[in-house]
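As structure tokens, here come the structures.
Two complexes follow with chain A in common, the first pairing it with chain B and the second with chain C.
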Partner chain A sequence: METKKKVRDFLSRFIGNAKINDEDNIFDKKLVNSLFAMQLVVFVENEFGIVLQNEDLNLENFKSINSITDLIELKKDVA
Partner chain B sequence: MDKKKIKCVVWDLDRTLWEGILSEGDEVGLRNGILTIIKELDRRGILQSISSKNEYIPTMKKLKEFGIEEYFLYPQINWGPKSDSIKRIQEALNIGIDSFAFIDDQMFELEEVKFSCPEVECILAERTDELLNMEMMMPRFITDESSKRRILYMNDKKRRELEEVYDGPQQEFLKTLKMKFTISLATEKDLKRLEELTIRTHQLNSTGNVYSYDELRQFIHSNRYEVIVAQLDDKYGEYGKIGLLLYEKRDGQWIIKLLLMSCRVMSKGVGSILLRYIINDAKRAGVSLIADFTPTDKNKIMYITYKFAGFNELSNEGESIRLEADMSSLSSYPDYVEVQEDTGER
Partner chain C sequence: MNEEKKNIVAVVGAGIMGTGIAQRFATFGYHIILLDLSESILEKAMMRIEKNVSIRKMFQADAPDAEDIKRRIHITTDYQELKEADFVIENVSEKAEVKQEVYQKLCRCLNDECYILVNTSCIPITRLAGYMARPDKVIGVHFMNPPDVQKFSEVIKGMYTSEETINIVKRLLSSVAIECTVVNDSPGFVSNRLSHLFMNEAANLVFEGVADAEQIDQIFTEGFGHKMGPLHTADLIGIDTVMQSLQVLYEEYQDSRFRCSPLIKKMYYANKLGMKTKEGFFKY
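Entry: the complex of A and B
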């Protein structure tokens, strides 16, 4: 739950008050730019102390609050 | 003289830019020939600023009276050390301190700057007549972008100030900029700027490759290669040519050899838009789309740009990675930007 809240807080800085559900595809809302993508990856790595491999870096893993949370939980378990 | 090139000249005012000393009540007048020098440096794309020990308001009023205040970015008019002023200008412009020159009539000021910023080129005011003929004041190329560089930086300043006071989400802010993105085939007249772009950009270069004017020229005249160039404008004016995409056309397959964009537009989605454009174009042509990627210690952001644009790794040999676009993904442009494709029929 804690993880999901952190992810949501982070994303809300970019999306603002627009209502966003846990399963909403954030890239459908046309959010991707290099800086945002990079910030998102850096946020996941630093905030949760995990290292993402090249194969983790794909849109599928970052497309919604749920996917990002799943990715973090999975990587945390490995670490 | 070495190959050093100056990108920003910082001027003192009293007895350097003008005759006399403003704060002592002198009726100051611009020194002979100064106006010509200022205008010519500006045309060459060399930025200019001011470091002067004076009161801010009367000094700016004087510059306005002479009609030259618009030539100076982030003027520093205060009683602090000039080295501090130069550092502040350097931070605001975000260009290397070793590309700065400082002009003053007092040895003391030149020494003070030299002491804390040894990389700065210090020039005595009496040598200003020679300024335009100095090798370091001659850029290798003067492009459309050079003569507009000051305006580009001023627009950046306005945008940044606005972004700072803007309270809403980033995405909404981008919408307010009314960005217009133009994609076109590179032509001869783009070459100087494109070479400049490949030389100036390291972080946002997908292969780390740098191409010379002649190489780029061969690409645009070759049937096997295409060079796509992107330009961005918004309601504050032009950013100029800020993105480049080079690809090779093979049977049934296009291979992206280089994707790069100017750091000034990192947050504007330029890379993603260019990739969406080329994916759509490859789809229309019925070919698959490959991208060569070479990791450097700086360009991870470009790898992520590819992956988030729907590219997957095909092979990875450490120093060279090959990616392939997933053609099934739906590719429309972001709604905060108007995209104009100006690449004609092929």
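Entry: the complex of A and C
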């Protein structure tokens, strides 16, 4: 899946050599911080041409590679 | 929400830094006057604040609501509205001639007791203080990006900055949870004299084909343990701002160490300005 690969590539830039699975909670594992969260939102909007609304900015939507991918696919469909 | 404070903080320039600074001070209870050239710039700034606050709330459930923060920020394009300000934080473009024009306007409208915090990357504080009637109340505060998140700043004492100004500004920063260290005035101060050498030389390494951007940043993050590599940092700051800062450093020192990399110039001409244009050394 192209979307998932792009998300994984983006994340890998921040987490260095740490290994994560698609279901792993990246915040619980302390792999990223709040500064990263801002960059992640900008990446999702810019890379996939979608606009996230305030109600989309929920930790559940950003907690793992799978949930980020699901959010992007959902928003792409709506757009 | 933090306790409401009496002081009025005017933020001049509603770009990325000014917007983040306005958000932070409003979050800590200050009344903000946010000034820029047009209503449309100011409206965009308020939208950015709303989104940033929503992102913050993802991690911090008890963080204040965007509406509460926005209520404390008054937007204007009229310098006359700054006359009641206790502090001005100036964040306009990193061009001496633009700043000079702004300082001349500020000099005409501020009250004598107002403290002026210059948020600049490289321009000497003493040079900008020269445009003001009270240079003892002018001080440099190099806020780090993004200012609504970072907890440290470099404070710069101009030639005429008084001890009273230093102490009051230290207290002001402490009230918004920012620690600082005070250094003497010098173009680029400590942080940017060092960081811009790293960014410029990293760009030269890419330009010469010695290593790609990914490799260079990896050496800094995984090798040196930095949180972010120099090229990612350049993208975050903005290639245009990095280029302007290098030009100021070169002009002030007349030293070839600060000669801007041809690659940085090329990226500027191609509008590859980093995160803000979705592409710089990396894609976003």
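One rule holds in what follows: the second predicted complex is superposed on the first by the 77 of 79 C-alpha atoms of A that agree within 3 Å, B and C clash if a C-alpha of one lies under 4 Å from a C-alpha of the other, contacts with A are read in each partner's own complex, and residues count from 1 in each chain.
The definition used in the following text is that contacts are C-beta pairs under 8 Å (C-beta built on N, C-alpha and C of every residue); 3 or more make two chains touch, one makes a residue touch a chain.
All values reported here derive from a predicted model rather than from experimental measurement.
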Per residue count on chain A, the busier partner among chain B and chain C is B
Return first, second, both or neither, reflecting whether A:F43 touches chain B, chain C, both chains, or no partner chain. second
Pick one for A:I20: touches chain B only (first), chain C only (second), both, or neither. neither
Looking at chain A, which of its residues have contacts with both chain B and chain C? 13, 16-17, 27, 34-35, 37-38, 41, 54, 57-59, 62
What does chain C use to touch chain A in their complex? 50-52, 54-59, 66, 146, 149, 214, 221-222, 232, 275, 278, 282-284
The chain A residues in contact with chain C across the complex are 13, 16-17, 27, 34-35, 37-39, 41-43, 46-47, 52, 54, 57-59, 62
Which of the residues in chain B come into contact with chain A in the complex? 168-172, 204, 261, 266-272, 300-305, 307-310, 312-313, 316, 321, 332-336
Considering only the defined contacts, which chain A positions touch chain B in the complex? 12-18, 27, 29-38, 41, 54-55, 57-59, 62
